[in-house]
Amino acid sequence: MGGYGDVKLLREDGKRLDGRAIDEMRPVTIEAGVLPAADGSAMVTHGLNVAVAAVYGPMEAHPRKIQRQDRAVIDVRYNMAPFSTGDRIRPGFNRRSREISKVTAESLESVVLVERYPRSKIRVEIEILAAEAGTRCAGITAASVALADAGIPMRDMIVGVASGKIEDTVVLDLDKAEDNYGQADLPVGILPNTGEIAFLQMDGDLSVEEYNLAMEYNHKAAKEIHEVMVDALKRRYEGGEA
Amino acid sequence: MVELVPSLLRQELNRLAAEGQRIDGRGHFDVRDVHLEVDCLYNAEGSAKVVWGDTIIYAGVKFEIRTPWPDRPAQGSLMCGAELRPVAHRKYEPGPPSPESIELGRVVDRGIRESGCIDMGELCIVPGEKVWGVMIDIHVLSDGGNIFDAAGLAAIAALRTAVVPAERFDVGEDHTLKVNGTPIMASFKRAGGRFVYDPREEEELGGDERIHITLGDEGHLHSLQKGLKGVFTPEEFAEILAVAEQKCSELRKMVAEKEGN
Amino acid sequence: MVELVPSLLRQELNRLAAEGQRIDGRGHFDVRDVHLEVDCLYNAEGSAKVVWGDTIIYAGVKFEIRTPWPDRPAQGSLMCGAELRPVAHRKYEPGPPSPESIELGRVVDRGIRESGCIDMGELCIVPGEKVWGVMIDIHVLSDGGNIFDAAGLAAIAALRTAVVPAERFDVGEDHTLKVNGTPIMASFKRAGGRFVYDPREEEELGGDERIHITLGDEGHLHSLQKGLKGVFTPEEFAEILAVAEQKCSELRKMVAEKEGN
Amino acid sequence: MGGYGDVKLLREDGKRLDGRAIDEMRPVTIEAGVLPAADGSAMVTHGLNVAVAAVYGPMEAHPRKIQRQDRAVIDVRYNMAPFSTGDRIRPGFNRRSREISKVTAESLESVVLVERYPRSKIRVEIEILAAEAGTRCAGITAASVALADAGIPMRDMIVGVASGKIEDTVVLDLDKAEDNYGQADLPVGILPNTGEIAFLQMDGDLSVEEYNLAMEYNHKAAKEIHEVMVDALKRRYEGGEA
Amino acid sequence: MGGYGDVKLLREDGKRLDGRAIDEMRPVTIEAGVLPAADGSAMVTHGLNVAVAAVYGPMEAHPRKIQRQDRAVIDVRYNMAPFSTGDRIRPGFNRRSREISKVTAESLESVVLVERYPRSKIRVEIEILAAEAGTRCAGITAASVALADAGIPMRDMIVGVASGKIEDTVVLDLDKAEDNYGQADLPVGILPNTGEIAFLQMDGDLSVEEYNLAMEYNHKAAKEIHEVMVDALKRRYEGGEA
Amino acid sequence: MVELVPSLLRQELNRLAAEGQRIDGRGHFDVRDVHLEVDCLYNAEGSAKVVWGDTIIYAGVKFEIRTPWPDRPAQGSLMCGAELRPVAHRKYEPGPPSPESIELGRVVDRGIRESGCIDMGELCIVPGEKVWGVMIDIHVLSDGGNIFDAAGLAAIAALRTAVVPAERFDVGEDHTLKVNGTPIMASFKRAGGRFVYDPREEEELGGDERIHITLGDEGHLHSLQKGLKGVFTPEEFAEILAVAEQKCSELRKMVAEKEGN
């Protein structure tokens, strides 16, 4: 979290700069099956964020040494396009994207029935085309829908969602300015059917009470986003336009 | 096994060619459906999305301020790069840029650069001190064949709708980038023994050499490239060059229409 | 074979857990022996050695003078990195930084950075011109399990004993670095179905997900991270968070005592 | 093409700055069998350019995944020595050399009888020791002679040659100044026996008529260079000094 | 060698700046078995240098192509920790550390009975935690003790030791200032039982006579350090505290 | 199979050594034919080609202007690097610099640098602002054995004929680089149990340790390096050192003669 300026993030009417209420999410749209070359795919817009996920596989895992005898490995690449941010990003992985790729892969392994595909590999490619705070969550949501679109069996979806703290107030779903000048960010991946957590990161400053409130907001928002996810898949499979 | 499919496919392509046919029913110089959308990405100063058959490509333009090269103190710079990331197809693997992606970026770059559509002198802010660097990044999301033409189209469309973010860098007011021309690429692939325009994925697998031609508004050549194994005769080139002129004109019109919107 | 051991180990961990036991006789929230030594390395401006069970980690602090970022002209910078080199365990291979080592470095970095214990404004020497860059490097020499907590402890202890080498850089007199707080990490691992604190090597092999919690002096959360496959419930988190508060307090006292020496 | 100055490249007598006529090539010398350690080799001087090519193989292709069941793969590396240019080049490949290596390899695959050596690899190493415009063409010529010197069967040689445009005039074989300040460059690889094209690049500005004239010059020059190539191989095999 | 200043390195009483006599070594301490995770390990302090070595193996050598049918390969990595020097070192190998790793590995191969372990690999990891001139020698000494601690059979140990020249005077065991401003450095690896040399580097300026004197000092010091090495192993195996 | 050849070769080398012979009929301290050519490459500011038996090596010198290191404001710099590229032998593979090529470059570099033949102070243009950086690049085209001595010879010969391109950089008139001395390397390899001078390729395959000695004009040692597996005795070193003195003198004369041309 930046938190180094005196930037006002809450208006006098208690709303946020973009007019949202404290527990209000940015608009989310999802489309499944957007990439013809992939086995499964999805595009998520979350506010001004644009995240695309492609799934390939299950396929033979090679080289051999990455194979697991009893399950599939999930190979995730989270990548920000060079033009996705204010200043251009040099192509290629950096430390941030490697870390997000790792924990996203581990989250998805928690829900995919990997034991169905021993010795195989499932490739999940997450591409951020436009970033406005919250890309890792949009990426997890997109990856979940893309896996479902590819017909990969899962015990549940994962919904990516975040809450945070600005001006000592817990709010749902930080936007760019709130992320830059806020006090805490708590992105999580929630299993909508059980409420369990498969993805968790947090930085900044939160008391235990603030943490609990932020998680409450997150669980509420996860339900909303889950409906959009289900809807996208329905449109895809019920002969909707892909 | 990987080897087997191409050889069967090659037989099929030969059979179709002998009957004057093509795997998807097109005539040998027909194009697939092409959709162009511009100004479609937050944070990019210019952007375009091209859906060309099963191929989907985004291009984004970003600006930076840099010090000019000592031998060209009043000239900015243009750079075009492409990434063929694993998202785009099962066949692409992670790792450093492949020769394919380098070739793609450089062929598109040369077509735009050599057309002279960007006047490097206009990118100068303070001679010897500050010039604009313009960077076009091509991002292939789905490779359904003929990514060269789709990438070239996305790149020039993104460039032609770009806004120089002078305010963000405190060097004046935002203004549209001046682009003098619309270079367009047309690519041909030998498939079934003859050349076809706009190859789809299967035609690229089974075929031989590939020729990329970039033409400017006046029909002048600005970039040529032969890729992959194979040779061609001067007569073959003359034929596809004539086709290219027509195809490039049509796509150039599409770009102009989108700008009107 | 590599696959077999974890599955046998998992059975054993399950059996032990069912009996309320742990592989080395500890209770599920007990810590191993922890030894901390500070100011132990020539050339490092701050240093610490942590021996935590069979895990041995050094951290060293170095300073450099750099020009500030244009958007933060009066702020220095802090960077924390970790290397999981082949020295530390048979399982680590040479090569570029692994995802594991990047995660380790970044989780420790966030815990320290987000606690606000370093005031970046105090690292300014001449606004817009010269600021201090503080670099903490974590060097794992022996991985016997729970390297996250040991690395976090070594890093903050090294930082809290660091001396700013102003004389060497000709910008004033050497002085101790001001550090306002002692963020401490507590890590929990699912083993045998329930969470245990301070997992040893075998528990990491056989287990599932891992949760890292960094708490500040007031008990506020500054960094959270879930690693590895698996999920947890809100109730489980509430339980381990309460344990973390107590464990972090104890380690914070150990750091304070060493500084007294 | 640079083309950004007002540099005069044609003299009043219609000749070029170095005294060449518009359709006159720089002098070319070729020696085959120059590197004792290689299976085949050649050195080409073309103007002040110096290109050396070494051929190793056919040899077993490994790792396995690069093997082709029905043919040899040709592995080309085009490399400029650090001291070959005005400003020193950092050792290691760059984007330009990778692109040239790729299209050069594909050209050579078009003439080598690769189907004679299934599952094998032929290594072609092109080293530029001095660069004065036209190195990719000199490299292709050198590679062709080195392949012949190594006894690799080919259905034809490839001759590397270029024409271009300066001061709105089509000329054969650009030198350094003409390359820097000229308007177009058209390097090609021509099969001398059939006139077919195996290598083609071009940048700058050429009308269709100018293209046709430039190609005419190229075909003419290819014949001349081919004679020098044949001569070098004759000297090598007829007991000439190597 | 630096040698570019007018720095005084010898006092008027003939002693060196730190009070040592010309043929006097810095204090050396050695502890074996310091790293629980390793098969063998040692920590050497030599003056203010701190070098740690870990040995893993013998283990299967892979990938296959590094295997030797008749012997083990010894894989050495010499690495300086980022905080080990005055200015921080960027993590990762550099040219200096690669060269030292290579010649250290070749030295150890000269004494380890590698023919006992065909097709296998022995990993030797040398980590420099603090550097005060002489780290490659401290690393060789540490590696020898770590190999012995791991129970790897050797025909002899190797003792790392250096002499050099300052103010036209040959001295034993250069410290940091002497290394920076001195005239020559002669680091060697000596087999204590035979007096043979397994490691040799030198830079600077030495006449043949000066070389001979420097080597005489080195042989003398090697005997002293060897006793400390033997002592460390004795303490380790005779139930001493590890 | 790769393993077999060296062991047969080793037997043969032992047999020959027992008879006082060598695989190509030379005596054990005899050198092969050495040809030196200087000033042979366009664009290099100094250059040399060495043909040493079947070994062919080029060296080229380039200059750049750089800002001096803060702690040596009036000193330029010298750097020598070597590339063992796949062109030079079937055994060399593409990729980042191998340990062998790094060792080659660094051993040649130390021999030249430590001889003091380049006065770094003479490379200063404007103290604290501009100094010359001199870069010698060694390019091995054909490895027929003993590339170290051939590389060292090419490097010093290229350096001794280099012209400082001051005009191109607008800092005065071109002038020859001042080089005070001619450090020369002599390399010895154990083959058949004894040391031989100037090993050819087969002797390098079958042999053991290798010793590189660089001597200055006065016969002083400036660089030593032992490479490869094996040990040697002080008596063996004394013998080859004496041989090195004579061999280096002869090559030093050859360099002087070429400069006369």
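Read from first to last, the chains carry the letters A, B, C, D, E and F; within each, the first residue is number 1.
Going forward, contacts are C-beta pairs under 8 Å (C-beta built on N, C-alpha and C of every residue); 3 or more make two chains touch, one makes a residue touch a chain.
Note that the structure is a prediction, hence the values are computed from the model and not measured.
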item	value
Fewest touching-chain hops separating chain D from chain E	2
Repeated interface matching A-B, over half of the contact pairs identical, chosen among D-F, B-D or A-C	D-F
Centroid spacing, where centroids are CA-atom means, of chain E and chain F in whole angstrom	26
For chain B paired with chain E, centre-to-centre distance based on mean C-alpha positions, whole Å	57
Interchain centroid distance [CA atoms averaged], chain C/chain E, Å	31
Approximate Å spacing (C-alpha centroids) for the pair chain A, chain E	51
Contacts with two or more other chains, residues of chain C listed in rising order	97
Residues of chain D engaged with two or more neighbouring chains	none
Chain contact topology (line, ring, star, complete or other)	ring
Ordered ring members, chain E first, chain F second	E, F, D, B, A, C
For the chain D and chain F complex, residues of the former touching the latter	34-39, 48, 50, 52, 54, 56, 59, 77, 79, 81-88, 91-92, 123, 125, 127, 129-132
Sites on chain F touched by chain E in the complex	3, 7, 72, 75, 97, 99-100, 102-103, 105-106, 110, 113-116, 120, 209, 211, 216, 218-234, 237, 241
Chain D contact footprint on chain F (complex, rising order)	41-44, 47, 54, 56, 58, 60-62, 64, 81, 83, 85-90, 94, 96-97, 135, 137, 139, 141-144, 168, 201
Footprint of chain C on chain A - complex, ascending	1, 4, 68-70, 95-96, 98-99, 101-103, 106-107, 109-111, 186, 191, 194-208, 211, 215
